[in-house]
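You will see subunit A twice below: alongside subunit B first, and alongside subunit C after that.
So, the complex of A and B:
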């Protein structure tokens, strides 16, 4: 392992920020998944126990968390496809910045479709 | 170790690691990512966007899905691919930030422990699931369960 100064102040442009975002969202989704498999496992305890656990997903605070999670998944996935294209498509590296903006535009479109419905389910009269 | 190499030092070839592990990991991150996109978007769409979204999810809803091998295979693949992809991603991140050998060892130990527990548990849950458990209140069960 390198044990020497790594501290040059590198401030990249879009490429660096999208890399940071890929890390942060990846870690976030991973820790959600650890908890999520545990809450799903309660289904083998009893129907009552599972309904109580999954019922917490309906609370509006959780609803906002779910919106954040979905946003993290969508941005990680679209930027992931961009990374795949950068590596495997001959012109990928040339268009990496354009593709980042396309990924962001697609993210906005998907969230515009998702959010109203999800927030209505979360806050709508139940 | 001094902070920088002696500039006059002759070039010394690094010993090769004699394995393509990192290359396979790199390919796997991309291949699994492409498959996960379909699996997870499908999962989120069915569970959050159909019916009344989160308000539709309960025991009977999951029992209805896991009554078909289709959704069992879907969830199993999603579980395994997401856990391997995420664990490999976290392994890279630990390698990047934990510079002490001991810290790295401990963090990776915890990571692999979490991986094993979650994958084994999640797999067992799918295979041992009983949509019509005996003695459960009938109104919580899916409609296809035989009347008690």
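So, the complex of A and C:
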């Protein structure tokens, strides 16, 4: 183990790692929204400029980015509901781990429905 | 077939094993940087991490510094980070933390390290004092006990178990980065009085914890609940205080 100045990494369990994931996805979504507000605002410049910028979303790199964005939004949303229940449902703390696995299961179901269609659009031509 | 009796183990011949303890040492008088140091200790399956630390201190290196008092999980002195997780050294058996690999022992996080495994607990106790951890009443003193029903007593039973070891507060990612946060232990001890039917200071305590460094800083990572050596449902207690604040607002 290298000599880290802060000591070793704290070995938290599901609760800690879901909190880390919530933070990371939250920050990612925030940056996307920032960019999205800017690219939409280009409509004020000219319709041609707007079309050029929105057209870049067709690139496959953007397609993969969108897949990541949807994944981040979906997991952030389901885990967010879990966090609200942990705080305000009397039995929320007791069932927090179960609720996390339910959130993850819902995430898998939603992504299984979304990803094939989206990737076909991204890579299959139009 | 004849039964073969196993030879009984000789008295005193309890199976022992050698375990490597990797301790994060820090002595500000020698070096401003902490270092890792490994010790080999001969141990039994019934030995706790604290026994290994004692063996090191008594037989190998007397300068090893750590706190312990009762050594039986009641005084709350020896909370430390064992294999990356907060535990009491006196309640952790070596055999339960995989003695086949080196066992890492570090001071608890986020409180200033004074020497080796000893941290400055003052910021922790300052938060504890702020929530007024004592009975607040008004009017004349009763001549007899202040009575309450078994149900009223059970309401806050879980949070009476706290031994103020700081395992919860120093396991909290919010507290690591924001030392102003009251921390789980202070909230647990506020919970103990807020939900006590004999106490009249509940509103004051809720006011104190409604601060931006109060209960709303909790991000429900459940590290505190996992770390509590007394098995207190810490995150649940914090959520109950949050709910009490919402309820009184309506």
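The rule we apply is simple: the second predicted complex is superposed on the first by the 116 of 126 C-alpha atoms of A that agree within 3 Å, B and C clash if a C-alpha of one lies under 4 Å from a C-alpha of the other, contacts with A are read in each partner's own complex, and residues count from 1 in each chain.
Throughout what follows, a residue touches a chain if its C-beta (ideal position, glycine included) is under 8 Å from a C-beta of that chain, and two chains touch if they have at least 3 such contacts.
This structure is a prediction, so every number in the text was calculated from the model and none was measured.
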Exercise for the section: State whether A:77 touches subunit B only (first), subunit C only (second), both chains, or neither. Expected result: first
Practice task
Count the residues of subunit A touched by subunit B and by subunit C, then name the partner with the higher count.
Solution key: B
Practice task
Would you check which partner chain A:15 touches, where first means subunit B only, second means subunit C only, and both and neither mean what they say?
Solution key: second
Practice task
Please indicate which partner A:46 is in contact with in the superposed arrangement: first for subunit B, second for subunit C, both, or neither.
Solution key: first
Problem - First (subunit B), second (subunit C), both or neither touched by A:30 - result: first
Exercise for the section: Could you say whether A:96 touches subunit B, subunit C, both of them, or neither, answering first, second, both or neither? Expected result: second
Handout entry: Which superposed partner A:88 touches (first subunit B, second subunit C, both, neither)
Key = both
Completion exercise
The intersection of the subunit A residues contacting subunit B with those contacting subunit C is 1, 3, 5, 83, 87-88
Problem - Complex interface listing, subunit A residues touching subunit B - result: 1-5, 23, 26-27, 29-30, 33-34, 37-38, 40-41, 43-44, 46-48, 50-51, 54-55, 57-58, 63, 66, 70, 73, 77, 80-81, 83-84, 87-88, 114, 117-118, 121-122, 126
Exercise for the section: Please name which positions on subunit B make contact with subunit A in the complex. Expected result: 1, 3-4, 30, 33-34, 36-37, 40-41, 44, 48-49, 52-55, 57-60, 62, 79, 82-83, 86-87, 89-90, 93, 95, 99, 101, 104, 114, 118, 121-122, 125, 128-130, 133, 136-137, 140-141
Completion exercise
Listed in rising order, subunit A residues that touch subunit C in their complex are 1, 3, 5-16, 18-19, 83, 86-88, 90, 92-94, 96
Practice task
Over in the complex, which subunit C residues touch subunit A? Could you list them?
Solution key: 22, 24, 33-36, 81, 83-85, 104, 106-107, 109, 171, 173, 219-223, 225-226, 233, 235-236, 239, 242-243, 246
